[in-house]
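What follows is a set of structures for review.
Next, two complexes with chain A in common: one pairs it with chain B, the other with chain C.
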Partner chain A sequence: MTNISSSAVVAEAEGPLVPVGLPTEPKKAKPGWRSLNFGSRMWIALGIIGFVAALAFIGPLFYPFGPDEKVGSLYDYPTWMNTPPTFEHVLGTENFGYDVLAVLMASARTSIIIGLLAGTIAVVIGVAIGVLAGYVGGWVEELLMGFTNIVLAIPSIVILILISISLQSTNVPFLKGAVGLALVIGITSWPWTARAVRAQASSVATREHIDVAKLSGARTPSIMVRDVLPYLASYAVMAWVLQLASAILAESTLSMLGLGPSGANSLGKQLFWALAFQAVATGAWWAFLPPTIVLTMISFGLLYLQSSLDEVFNPRLRRGKKKNLAKAAARRAETARKLAENQPVEVNA
Partner chain B sequence: MGLRRYLANKTVWYLGALVVAVVLNFVLPRLIPGNPVDVLVSKMGQGGLSSEAQQRTYEAFMREFGLDKPIWDQFLLYISGVFNGNFGASFSFYPTPVSSLIAQSVPYTLALQLPAIVLGWIIGNLLGAIAAYKGGGWDKSVFTTALLFNSTPYYCLSIILLYVFAVVLGWFPVGGAYSLGTSPEWSWAFFSDALSYWWLPFASLVLINIGGQAVGMRSMAIYELGSDYVNYSRSLGIGDRKMTGYIFRNAMLPQITGLALSIGTMVGGALITELVFSYPGMGSLLFGAISSSDYPVIQAVTLLITIAVLVANYMVEILYGFIDPRIRASKSGEK
Partner chain C sequence: MSDSVFQQPSRRAFITIGGLAIGGLAFAACAPNASTGSTGATGGTEAKLGVGNNGQVGKGRTGATADTLFIAGFQWGAPATFNPLAPTAAWPAAANVMQITYETLLRWNIATGEVMPGLAKEYKLDGTKTVTLTLQDGVTFSDGSALTAADVAANFELGKKNTGISRNAFWQAADAVTAPDDKTVVVTVSQKTKNVGNLLRLLTETYILPMSVFSKIADDKLPTEIMDKPIGTGPFTLTKADQTQVVLALNENYWGKTFYGGLPVVKQIIHPIFKSNEDGNIKFQAGELDIMQQFVSQIWKMWEGGKPVGTYLKDKPYFVPGSMPMLLMNTTKKGLDNKAVRKAIASAIDYASIAETAMSGYSAEVQPSLILPTGAEGKFFNADDAKANGWKYDPAAAEKILTDAGAKKGSDGVYVIDGTRLGPFKLITPTGWTDWNASCEIIAKSLKAIGIDCSTNFPQQAETTQSIQGGTFDMAVWYVSGVNPATPWARFKDIMSQSEVQPIGKTTFANYGRWKNDTVEALLTEASQATEDATKKAAYDKLDALYRTEVPACPIMYRPDEFYEYNASNFFNWPDEKNSYAPPMFRGAGNTWMYKIKKIAG
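Right, the complex of A and B next:
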């Protein structure tokens, strides 16, 4: 599974995106989005994600076969490999004789929906706990972070497996299916988001604008939502992207163990059946490569998006060409010289 | 005495986590409406067992696994089992004890995972630091490759490696841990045979671990490169070699915490890798147990994985306490 925790550590170690206590550079007048530097990475990432999303949500509208339509037998070759070649079933059939491409589209859709649901739940819980612990501090922080650290230490895959086994034998169809799985993944994957958010929230809590808000009589919940949360928004967006990826991967891990959503196709279940029916050993590549590639594309696309967002939000990581770096250094030197000439320097809060 | 406090603090937290994990491992499988034996016996019923025989099996199983006792007694039984390493008998391989099933599969899992985690960590950190330091084309290519491997799910890389190197090219055997006809023993012949089955699953784990560590190390090192002490030392004219040493040591620390945090994820991913290669370790044991509703085995495997991950994390954190000078210097521990 993707190693997302290292990014969490990075985020935690870096602390807030703007150093506290040091004089920050004067805010530029132009709107924030103008300074966003959408590098080529961002476009590649968005392209990959867009492709998968189109496959999952637009593809089925045009593809003539459904995922539950039996069109052949066990591992029929893709029809373009026949003589004469046709383009009826581009990716052949899987073990039950269903069209692989049709199943792939349905699977990608389920996996993305599970990811969106689970990722959102995880980020909401994580940010709520992190902000509460980081801003309020004291015993609330001790309690929440103690709890978080304990949950973080226990491998989440174990908890996921144990809960999913219980869910499998319930008689509630709602819990057995994709939604139940998404809920379980969501409520087990928030801890590292909470930890990283807490680190940032507690440093935001010491800034002057929070004192101003307190003096002006704002209540604690309002301060947390209106004065602390906006500073964490960029981090929350990146955490959401990572949670999305890790939830989709968690779903396929569980499905491959035979704990997938019942009554729905998913990328993991497609791999589960391919392995169960020896697709790899018999060389039926069309049955296992498409879900493998789509899963890798989802995961790579989202992680790439996260790292390019990181560079947009965190200029320290931005490494352009040498020429640009030199230009930027010259510009900074120029500003410093001007500042030195126009004494006294205004150190803005 | 910052170090002693740090160690005591970590010990208390990990003991707490251990207690929570042991309790969860007992409670979660019992959230099932009815009980495990119900599920098992109803599966037997589908196999054409008469209802009278079903009833008898049901009662025998209930007695055997202590499920007819009140929940509190069951918990005590479970706890004493945990301490004695006695996890009862397997449902599907009755009366083989669960502990002997586990003893058969643990060596395979350890042989795959330990070298993959340790080597992956060392190579990944070196690559990441070099990429950050050199910058330019080196950085771009290493970073993109590392990110690609880091974001490839374990099982996807496993499937691709298995297909390309074992099925298409035929360089490696297609799955399993040793050839048919040989049996596990301490001999050179068996060892070299098993090694040929070991390479592919090991490669798929270590490549991903290298990727993950390199991505993390690169951003840590870039962060260090921009810090004030680097600029200051540069202005003093300190040589590149010495600077790299400083940067590496400072960027290492968060990577050690990162290792502690990611061991759990790595272990989870490796379980599925075993499935893909039908490698007879804990992952395959767990998979078999899940598909045959073998609850004693599931519970024992999940418990062992949890304990192993907790112990590994604990050791990494203790190591961290000895490495990081700030802990020795400070009065209060880290959160």
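Right, the complex of A and C next:
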């Protein structure tokens, strides 16, 4: 076999690591979710993301205060610090006198929506350019990659700041809000995805099944979508997760500079106002710590998810329980020993 | 194997440590601050005055800087020049700051509205014809030369030699300055404007400079000449200035020893130059600054935390109101040209929220008037008329004003009046003006709540200024005249002047909203030329009544003219409401405390 670069394919070719058909005791049927071979990292990552998502999308349905509802004054202490302690405003109030937890929920929602939108835009552009360049090759590739390299060479934060400033002074409400910001982040963060996808696509383009597809008369767009793209899907998903995380961070960076979405809450805007109203100097930790922690949780959760997705897509990296690994290693050693001694290997095929 | 790189136990340990660190930080933040200093009452046999708002004083500074006053909040970059005629002059040569190196003929007192003696020991008004000033005895500059009345007259003549310097404006208020003898200066009031208030304002703000220095400078070089050794009549001379600090030393031969009842208490004044407000605030809290003029959010946390920090007023709003940032409305924009819409906007703004959160509680209740209801202008404020014909935060009333004027709510929840949708309006103010930015957010939210589409935008200061002066803005938060001898007339002029307004696109310095009215100019003249309080009050009543029907702009909060805040760690007897020998200011009559504060140590 030649031209096999995807490690997933390598793993497949080597066959099952654990010889099948060894005498086993009849097993109890596992519940459905357990058969998902995700590993503990994946569950931790999903747990963190699930928690933040629940905070952002389900929390506001049950929380009695809205993010625009003035419930107190400038940096009121969390109510559990009062005597007697109550749990009315667990995280106190921020500089406008709004409940920090209510604002935090609204902020997390905006940040996640911006991240999803921007991440999707970036991946769609990146994959489209990458596949086109990698598969078609020739001058198209030169042109597209030249353009990508130029965009890569310009510091994206500078472009982000400049476009955000000009967007802010437009009178189009659509562009001033979260959607506009997501667009800006999306269209500035695709280049590295494009480059990585092009590398993969040009490798896939030389495989036999592409030749088969060509011989069968498929047209180029159809080959790109049906025969190239599926081989990149696992990479694209992981790139999307990373783009999601970096888009959320980019939004907070811009918002902290005061270029956040107009008329919407976001985690970065919460930090911006906390800085502007000297929450750090006056010790109002409840104003800046919660958005910081949620931001950390989102990006940590997404990066962790990405690294555990690696395991899902690439069985070689998959780590099971140590016990099982040791057993499997022992079994492999045994097989090897038997092979070396020319003993028949037990294969039930 | 990838497993060997990331060992499970170490990661768990990392997360545990991280969690503990965050938790620890949270608890450290809630722990009450350790209290420092002792109470004023226990420090001596009798209670000390002018101490921290919690009644405490510090132990005093000893050593090399025992006789040094640390002050901050006036100089933010490396000092470029100490030429008071330069627009970029550094503190204390910058225009209208504390009279440390340069002094003025008269000094303004923001608390009482008095014009007090400075280099001139008295002034006499002759209706709207002349102002006669008599100089103090023995006034000398720091180089030993004497100040004569002829020098004073020549000082104002500088304004004619170069139209680019600020004292050129003096000649719009005055026709002539003469010196009949060595001690007397006679200023002829401009017979065109007859505005004595404005003339007095200029006399309280114009430094008297040594003509021995300035007569040698070519006319066109007056604002650009670089000076590093300023010579003035003030009690301190510059000894050192770099990008980190400005250092001034006491002039032992200061002329004002007898007038002020002695020399200033300190031998040296140091103004450290900080990068940001926060840096200064931290030093101030620690007692490394004795007095400063900086915005501190929630300053009460300092004295609640045991620091001997004080303000003039002991209760909210802590600072004496001295200026009123305005919400300007561009009356040439469709929708905003309707006075009912403008009044609805004024009634829709949640002023209490602005005062409480954006201004950290430092603003008193805002009145529907261009006159400050307290302090120097209080005597002109008509509380009954403001109550009867003014406005206050009342969203229901605001919507009623709109519907009464024929507005109908569209399907998107925004009112439409005479076919014009109310919005989208853009509300601007310079970026980084934190409390104003926050006020804008509250205003935009308030307006959206009643059905006026408004969003905020914070461009750079230069861009904001251009769009306000050029009249291309929709709505803006901007400043107008603070409190001085020319207000409230100057403020009415800033908002309502018809004679100074320029068409859209041309720079104007008054009536930015381009509001049009046929009767106001006569009323403004009447107010500016009135000399008695009763006639002034009558004129202001008419102006304010017109203002309340037309609402060309509306005040959104009151700010102090200067943030006056002291730390009694090293000195006490600072002026405050219980010890009110001087007004809470630095400029004008604010210099009095320099001579009256007392050292704690030694």
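In this section, the second predicted complex is superposed on the first by the 277 of 349 C-alpha atoms of A that agree within 3 Å, B and C clash if a C-alpha of one lies under 4 Å from a C-alpha of the other, contacts with A are read in each partner's own complex, and residues count from 1 in each chain.
By our rule, a contact is a pair of C-beta atoms (placed from the backbone, for glycine too) under 8 Å apart; a residue touches a chain by one contact, two chains touch by 3 or more.
For clarity, every value in this text was computed on a predicted model and none was experimentally measured.
S.K.: Touch check for A:Asn149: first (chain B), second (chain C), both, or neither?
M.R.: So A:Asn149 only meets chain B here.
S.K.: With both complexes superposed on chain A, which partner does A:Ser216 reach: first (chain B), second (chain C), both or neither?
M.R.: The answer is neither, since A:Ser216 touches no partner chain.
S.K.: Looking at chain A, which partner touches more of its residues: chain C or chain B?
M.R.: B
S.K.: For A:Leu295, using the defined touch cut-off, is the partner it touches chain B, chain C, both, or neither? Pick first, second, both or neither.
M.R.: Touch status of A:Leu295: first partner only.
S.K.: Touch check for A:Ile163: first (chain B), second (chain C), both, or neither?
M.R.: first
S.K.: Please work out whether A:Asn95 is in contact with chain B alone, chain C alone, both, or neither, and reply first, second, both or neither.
M.R.: So A:Asn95 only meets chain C here.
S.K.: Which partner does A:Ser252 contact after superposing on A: first (chain B), second (chain C), both, neither?
M.R.: first
S.K.: Of the two partner chains, chain B (first) and chain C (second), which one does A:Trp273 touch, if any: first, second, both, or neither?
M.R.: second
S.K.: Which residues would you name on chain A as touching chain B in one complex and chain C in the other?
M.R.: On chain A, the overlap between the chain B and chain C contacts is residues 165, 169, 171, 258, 280-281, 283, 285, 289, 293, 317, 319.
S.K.: So in the complex, which bits of chain C are touching chain A?
M.R.: Per the touch definition, chain C meets chain A at residues 2-3, 22, 25-26, 29-30, 277-278, 281-282, 296-298, 301, 350, 353, 356-358, 360-361, 424, 426, 431-432, 434, 437-438, 441-442, 444-445, 448, 453, 455-459.
S.K.: Touching chain A in the complex: which residues of chain B?
M.R.: 13-14, 16-17, 20-21, 24-25, 28-29, 31-34, 39, 135-136, 139, 147-148, 150-156, 159-160, 162-163, 167-168, 174-175, 208-209, 211-213, 215-216, 219-220, 222-223, 226, 254-255, 257-258, 261-269, 271-272, 275-276, 286-287, 290-291, 298, 302, 305-306, 309-310, 313, 335
S.K.: Residue numbers of chain A touching chain C in their complex, please.
M.R.: 68, 70, 73-75, 81, 95-97, 165, 168-169, 171, 173, 176, 258, 262-263, 273, 276-278, 280-283, 285, 289, 293, 317, 319
S.K.: Provide the residue numbers of chain A that touch chain B in the complex, in ascending order.
M.R.: Of all residues in chain A, those touching chain B are 1-10, 12-14, 141, 145-146, 149-159, 161-163, 165-166, 169-171, 192, 245, 249, 252-253, 256-259, 271, 275, 280-281, 283, 285, 288-289, 292-293, 295-296, 299-300, 302-304, 307, 310, 316-317, 319, 322.
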